[in-house]
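In order of appearance the chains are A, B, C and D, and numbering begins at 1 in each one.
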């Protein structure tokens, strides 16, 4: 089914839902899902509306301007219009650990992710054979302190070449520069292997072990310039016990990481995420 | 804040959201929450809208008829209109176990439940002193095989006397008659001490122990004439291990029961539950 | 590290722990883990002891007989002695769904499962290429009503040829005969896609959808002759909502299934499972 | 049943389990539970053994010295011997919030906590009537910046007068002095309303709201001189969504807090907690 999805943010006021739904109804849009949220503190209004495109009487490339003119401007809306076709293009960045990569590729192979994966980029060669078994191009872009600038330039070229819409850091273990991040605002999804904001930075499982926590977790978030501080999309946890070694924590954590990351990708693909002020509204 | 809440069920068709929101907007209703759901299989539309009453230009006692005339009839809506004031009246039925009762009374005492509790009814005397410590009338209505009809007649009289809106069976352990149930359609909330539909009926923790399950649970549901088969409102689970005795299961389970029951009461009070075809739509 | 693991069941009485630990100490066994459990109801004693083999002064092939003579007979023990080397051999049976298979193979590839996987057996061809990408032999053994006996004979031949120690049904979707099951007592691990004992049999997600449950689950258990009724090894659940379709349930459930099945395999491999009277003791 | 419970810490070496179990067996001790743990990194051995006292042939007041002479000294053990009778004496400190207090008192009333509660201490009068409804003495000890020393002196006098064994801070909201804490090493249980180490200090729900986390939690820990940094006994979490206000978080969190605190009290009472190096071993 061809769908259009509208994501809206604007100052809260009366009549927004009425006007948006009137617009969709006026042009024969069959609403599939409609969700709204008001942040009382900030007096901000958020909305997501999805509708069937086939019966809609406005041409696909005219919807945005028509909506802006008839509704958007009146309410000073910041809105984005998405279509579920063509599928968005997602790049995966990995390092040496395979669990998140495998999980994404297996879901994609099973037809569960409505996305194209034109390439996988890695700073190591270890996962090349896995990626190629799925018939996906694998690019080895080594990264070292001295070559970081060149490496990112190469990565950005690849993003452009393949017209990448968003990037998933599937345990990539490298910190991206502000330059790279600004090219993909709220379009880089990272999986951090702790229950943020606990254990920011490197080796969170070691830190969790030292602290003696009884529960560990993982956090998928959009990457911003401040390390591990971007808007959180999804989190999940798992129970650990005193007899679990750091190595156990790594394994238990991996099961959480891969599920959390895949959920975040799915929310992003389904256009269910609205990011604002370092937080997210998620209409699931 | 004075609020009105509208719960709607009707055959799905285009324009419902537009018409409902137009209605609210036209009379200066400030929408607080709006949720909708379409059951694709049954082609049924469900909606919940909450709005501020103070600024609304239709008088409280005219809203229902006006809405019916202007919107409801057109879409063949089955709708209910609720107000958050005056508070609904809830009767609690208990037997001997205190954990659910205590939990509800403690929440009520802390101001977390927007409800009046005019009375507690029990077939035993055990919990009398607890109830009276909270300054709530306690009625002892013994129930035995031979006196069941008279006991229920007495209970129904009490419900009428106190103008009870809905009933909570907080581990009441007695089966209500069809007659009683029909008087409170989707207005009797029971907590069953298993993860339904597993372990219907008596002694579910014993059955769970015998089966060797690794997780136990509790289920809050509306009472219908078929035992433990009514629409499920909420469920939750807890992990158990091989060394847990039946007595452990009872205790672990009680923590789940009281939380699940309180959540269900809260959803019911907030008018977030729409029951249909032995299921529930819950807009949380 | 070379390890020996002793699993013991016997009637409960005083002195068992003392005698077992004395035996291990007497022959320079460095105990790594020791766990015990008493089923008070059945007056049964369960124990698991793991110790370092390298420093142990009894030859590997004499431990069992020595232990039996010095400790086992006195307490009428039913015991099993395992070694972590050589690795056990696990056969995987699949049908068309890939998620559990992928998950196991990915973990194996990452070195997380101390097991050999000599072959994968399927009644369909769909997953052949995946299996072969991991360099594991794939056997297509079609199963139909009329050929079931021959198919199982072929499967059993394969089990013998590859000296299979235990079998994992990774969403195999076929019911094994009593004959097959008796060849692998408590050595066939199945993943059932419901929170047993709810929704035994086929299409549990459909049944869960119909019943309107708020939580779905998955159960890993040893296969016995009664369908979906064998000793439960592990269970896990996930929350669902009214807007989740059956197709959503299938996907949400798959994430639970694969994690539960992998945990069960791990417990089995680590010899942490003692099955008795249709239940399990799990020393994790 | 009269029980003795032995908690042991010592450098790891061979033969400890054998010697301890031999000691218990030699004097007709019927072992009820035995658990051990080795911290490989620190080469530390931990053990908990519980046995029936009635059949034990050593007099209650001679067990400790006999065990020390026959086993403890040999292995340089740091051990503690507990009996389940007489019941330990627990003081509860509260401020204004009632949910944890109610939960503890309700469990105690239902006979689930093997403890005496000789008094409740509060810096406010708000919860006086609740406490007295349970027939427990309530002491109002106001605390202000200038009177802190005197207030603690008064509290310590009360602890002494009532021969208090351990203290539970049931959302007490005051920071105890080093002097107080040193009087009760690993004997003060606090409930912190966040998933530590995230959101140390005051107003963690506000901080969680600001950060936009998707899961909140609570942590029960022993109080040490460093704020919210003592050994963690138990943690639990609950899911929150974008529409949850800070006030929602407070309520959702309270359900987690009370369950976590009660579990921690139960572990402590059952002598299942061994604290070391700012962590805990918990034999549940």
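The definition used in the following text is that contacts are C-beta pairs under 8 Å (C-beta built on N, C-alpha and C of every residue); 3 or more make two chains touch, one makes a residue touch a chain.
What you are looking at is a predicted structure, and each value in this text was computed from that prediction instead of being measured.
Between the chain pairs C-D and A-D, more C-beta pairs are in contact across A-D. A straight line joining the Cα centres of subunit C and subunit D is 37 Å long.
The distance from the centre of subunit A to the centre of subunit D, each centre being the mean of the chain's C-alpha atoms, comes to 41 Å. Not a single residue in subunit B touches at least two other chains.
In terms of inter-chain touching, the protein chains here all touch one another pairwise. Subunit D meets subunit B in the complex at residues 97-99, 102-103, 106, 109-110, 112, 130, 133, 251, 255, 259, 262. Subunit B meets subunit A in the complex at residues 14-15, 17-18, 21-22, 24-25, 28-32, 34-36, 38.
Only residues 37, 40, 195-199, 211-215, 217, 231-237, 241-243, 245, 278-282 of subunit D touch subunit A when the two sit together in their complex.
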